[in-house]
Amino acid sequence: MWDGVLQGIFNGLASGWIYVLVALGLALVFSILGILQFAHGEIYMLGAYVVYYACVVGHIPFLLALLISALVMGVGGIILERVMFRRIRGEMEPAILAAIGLTLLFQTVAVIAFGGYTKFIPSVFPGVVKLGGVRLSKDRLFAVIMGLVLTSALFLVIKKTKVGKAMLAVSHDPEAAALQGINVNRISSLSMGIGSALAAIAGGLMGSILQLAPHMGTFAITKGIAVIILGGIGSISGAVLGGLILGLVDGLIPLYSSGTMAAIVGFCVIILVLLVRPKGLLGHD
Amino acid sequence: MKLGRTKGWLLFALCVILAPIVFRNNSYLLIVLILCGINVIMTSSLRAMATVGQMCMGSMAFSGIGAYTSALLTLKAGFPFWAAFPLAGLVAMAVAAIIAFPFVRVTGVYFAMLTLFLGEVVRLIIVEWNSLTGGVTGLTGIPPMGAISLLGVHVDFTSLLPYCYFVFFVMMVTLIVLYRIDRSFLGTTLAAIEKDEDVSASVGINVIKYKALLFCIGCFFFGLAGSLLAHYMRILNADSFSLFGSIYILIYMVAGGRKKFSGPIVGAVVLTLIPEMFRVMKQYQPLVFVAVLFFVLYFLRAGLADLPDKIRHLIKKTHPGKAANA
Amino acid sequence: MKKKKLLVKVGVSFFALTLFATICLMGFTDESDAKTLKIGAVWGLTGPGSEIQIIMSQGEELCRDWINAKGGVTVKGEKYQIELITEDVKGTPDGAVTSANKLVHQDKVKFVTGLTVPFLAEAVASVTEPNKIAYWASTFDTMTPKNAYSVSAYTTYVSYKPIIYDYLQKTYPNLKKVAMTEILDPIVQRVAAVGREEIKKRGLTYVGNVQYPFGSQDYYNVLNKVLTYKPEILDINLEWPGGAGALAKQARELGFNGPIMGNSPWDPIFVRDKIGSKEYATDMFFPSFEAASAGADIPPMAKTIIKQWTDKHKTPCIIEVFRGWDPLYTLVQAIEAAQSLDPTDVIKTFEKMKTVDTSQGVSKIGGLKTYGHNHMTLQPCPLTRLNKGQIEFLGWNEIVVP
Amino acid sequence: MLETRGLTKNFGGLCAVNNINITVEPDEIVGLIGPNGAGKTTVFNLLTGFLRPTKGSILFEGMDITSLKPHAITRLGLVRTFQLVRILPEFTVARNMIAASHLHPKIGLWEAIFNTSGYRRKEKEILAGLGEILELVGLTEVKDVLAQNLPYGHQKKLGIAMALATKPRLLLLDESLSGMNPAEVENALGIIDLIRKRGTAILLIEHNMQAVMSICDRLYVINFGTEICRGLPDEVKQDKQVIEAYLGSGKKHA
């Protein structure tokens, strides 16, 4: 009954932080551009492959590779925002067109370009950490730490810096922000860039823990959306809370049932939360 | 050469009547037609929901419910298709009715996500509920539609041609019903809800009730579509009702253009045909689909159904320009 | 205004490009002037898992080129060049049904090949059977006596099980408790069921299993459950090669150090590298062999295929190539044996053929008792073991399916 | 016909509306006046269910409507217009009216689908009804113009017309005259009088003082959410507090 629970909790929290990393970018893009960026999962996937080619093929140290991938995808995100998302800011239907179009495009390209067996990044920190009965691979621990660091960094940026304040202003009311002399376009490019960079890092970390497949983005985007909807779109603390909750569900439910049931329970939790709090746990109107 | 509304509908009806006859010797094309029909039903119902400002991203969940209902009824309970088919719609609608009132209170992107997750839950339940749905193995050997003899006329719908006509018949009924709702004064009321819920409430429109109503109507037709799908495929599993299916239906609607009633029809037909037309491109085929989506996104924000007007507009614009050059 | 013009240009050129590509591909499909034999092929070229299925379809194309290069299929003195019409089933049953219908009714093919996913194979068979079209699936072990026109050209997963367990008991005689991980997938469920029978038969103890949905990426939660059963042996049944490696790696990370047995032909090198460290990549065995290096113990046909592949694609050859190769290869042998292009004759002849050559070497044809027809190629089953980071090939075993 | 008992609304800490007791009798025109931010519109939102009162109750024709939803209250015949015009801009005037007049007569789903004779009769009925109302407010000639293209004054009138289409028994007008030029105000007052003649009582918020004085039977004056005076226009004019309040607010404005 109780054996595995502690391990389960740790696994849950570990994977929860990865979900958070994916969700953060998604939440950022949503709150600034007002669109749900379904192609975020593909950016995550591409980011992972960039890390792979930099790290495994190019023999660049993993951390540097992560940075490179973050930069590349960040720039990519900015370009996307410029040519595609800026013109449809705040519109739901065109956003769906764009995002699904990109998803299909990137997946197809990835299948053709990175075909064959799934790629993987050999573990950067081999071995496991044992605390009592609980075992956790060092890679995962590293991912958790990265998650913590990046989340708090983003939090600080938004709370403390001028840019962050501008972002908040835009997320609340673009017109008003524009009237205050904030360059809305620049902010939205920036947020898209940061969001994509975060996705890329998350992808790279996942690549080192699990594996790289052209369709790995689907898993990520599903989790990411679930997290931000559960936590309340546009709230960082909400994303963290949501991520950890879903992580725990995935970590613990399989102990008493199947992996499928874990997914069902996860979604049901979200549905119920939405029915009680239509804007998510920490979301506000 | 502006195509009047009535002319357009006549043309559409003509295609619907002639196409199956023309392709009667090629089962593949008949199946493509059937797919088009089913997708038109689903997409138009989705638009009906959208007219009250609800983006449903779980449509496949309900067609899944419909499909499994009629499949199980005919397979295990020995119902005739004729009983199972309407029941499929009704069961889907019943499920919708149960969840409608809490659901429609959620608005905007949250509603979309709510339905998206619902879709996943339904799919996973289908997977998990082995004893009833055959789990991942799914159901095989679903009986075909079967024969019917009315006033001496005996038609066997097992073969594809009559089945295709049946699908088109259902499609036409769906379209007429939705068209009536859309064009009637009731439709105006519904449109008002999407435009401004406060004003609607202030003139006494029961927003929640109408949203729930439209949700149920849409799901009824989703259910029927699912049943049609089940009895032509004759083999079912959860994969056919994944969230991508729902998203595709949504894409059909958006790409077709939601403003016009004809939008979803055009969208569904065109975007169903494109992957079939470009089969020869194998794994590159999605790129064509993507190209179409981006084309719509950049040049046809009002949707594919708006293309004729657009072209006419362009011609109008270019001609004086030529005159100036001359 | 200018930007709009540019956008228009971009859009138009994009369209032009795609159309051009289409026309080119069309061009490729019907260029040969000699007598051609149309053969349909169905693979999941888009959607999840397509990256592997594409390799399989490329394997089949490789086989086509090889046969055509040798002058094609000879029937009654006539030489036929093979024209392969590959269709994408999109990984869904309705996709499979539509594709099969296109091949049968649009392209009027008499022979269809492909697919390793039994459920989709069934969907295809539901179209080919009534039209009396021969269907050479790669793996199709849900066959019933109804499937009079279907053949499974590559060893079915279920038939590996006894061999794996034989080896298990031979090597680890004093380990008894077996636990299983199963993807929620029809074929995996069946394989696992067969595994449980084997366990019962051999006096081992089955301690429990856990199921997880297809496409899972993180196995910590799954394994955490399994390890609560305190197993000595872990049977991970089927997975994509990547999944297998990940499963093994994570199982070791979570402190499981008993033997891990797999049930599908994974590329050993890939799995070993995925697992990573030496102390993890050990005590793991599965029915496979190194396709990348054409070693001494590899059957002659496989050697040819590997050479073909490396010449054409310049990448190391993997097992999936064989699984794409065999359906067409065996079909062509059947056609030439029958000296007829009529599916019925071909299938009847195939049933009478004692043996057929495949990528895994000459294999018997059987399955009459189990499947109602002699429609199974019983290829020799290779066995490979990872030991302290080393890949040990354990030779070929004969598969028996009554 | 309308009566509020100790109506109170707190937003967080501050008290927007405090213990307001208003009564409106049939065929009356009652004015609710007070300086900006006095909480007049909040009262309207409370009366029509767009806000829930913190304390107190609202009776409409002896029935407690405190907890009813806006649309239900409208159905009972208590209808409001919005301060800033709230209409359906993408619709033509006629279509706005159709949307507004769906209550009388009520159209059933089945009728609409099967296009029954009953449905067609109701359509005619509605068109006739809205024609009459448009005549009344004088928008007949702009019937087929998109609402967003109407001048501001007309948009306000359309707002009133839509409210009328629901056949209200008590009409709440929220600053219907603001932003109108004197001529339009004259005309609007005429319309309001006609509406009263059709047997609809009216409760109106207004800043335009002489308009209020000229048309209202009784007045309530509120400031900072509390009633400071009530009575006939002439009495109210003399009232110290009222003058104080307006001058005070005047100072604030200056």
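In order of appearance the chains are A, B, C and D, and numbering begins at 1 in each one.
Simple rule for what comes next: a residue touches a chain if its C-beta (ideal position, glycine included) is under 8 Å from a C-beta of that chain, and two chains touch if they have at least 3 such contacts.
In this text, all values refer to a predicted model and were calculated from it rather than measured experimentally.
Counted as hops between touching chains, the shortest connection from chain A to chain B is 1.
Seen from the C-alpha centroid of chain A, the farthest chain centroid is that of D.
Spacing of chain C relative to chain D, judged by their CA centroids, is 74 angstrom.
If you average the CA atoms of chain B and of chain C, the two centres end up 36 Å from each other.
Measuring from the averaged C-alpha position of chain A to that of chain D gives a distance of 49 Å. In chain A, the residues that reach two or more other chains under the touch definition are 108, 111-112, 258, 260, 263.
Contacts with at least two other chains are made by residues 46, 50, 54, 184, 213 of chain C. Looking at chain B, one finds that residues 124, 127, 283-284, 286-287, 294 touch two or more other chains. Annotation, chain-chain contacts: A-B, A-C, B-C, B-D (touch as defined at the top). Those residues of chain C lying in contact with chain A across their complex are 46-52, 54-55, 184, 210-213, 215-218, 220-222, 224-225, 227-228, 240-243, 245-246, 250, 253-255, 267, 270, 273-274, 276-277, 315, 318. Touching chain B in their complex are the following residues of chain A: 36, 84, 88, 92-94, 96-98, 100-101, 104-105, 107-108, 111-112, 222, 225-226, 229, 233, 258, 260-261, 263-264, 267-268, 270-271, 274-275, 278-280.
Per the touch definition, chain B reaches chain C in the complex via residues 26-29, 31-32, 35, 124, 127, 135-138, 140, 229, 233-237, 239-240, 242, 276, 278-288, 291, 294-295, 298-299.
Every residue of chain C that touches chain B in the complex is listed here, in rising order: 7-8, 11, 14-15, 18, 21-22, 25-26, 29, 45-46, 50, 54, 57, 86-88, 91-94, 97-99, 101-102, 104-106, 119, 122-123, 126, 184-186, 189, 213-214.
In the complex of the two chains, the chain B residues touching chain D come out as 177, 180-181, 184-189, 191-192, 195-196, 198-207, 213.
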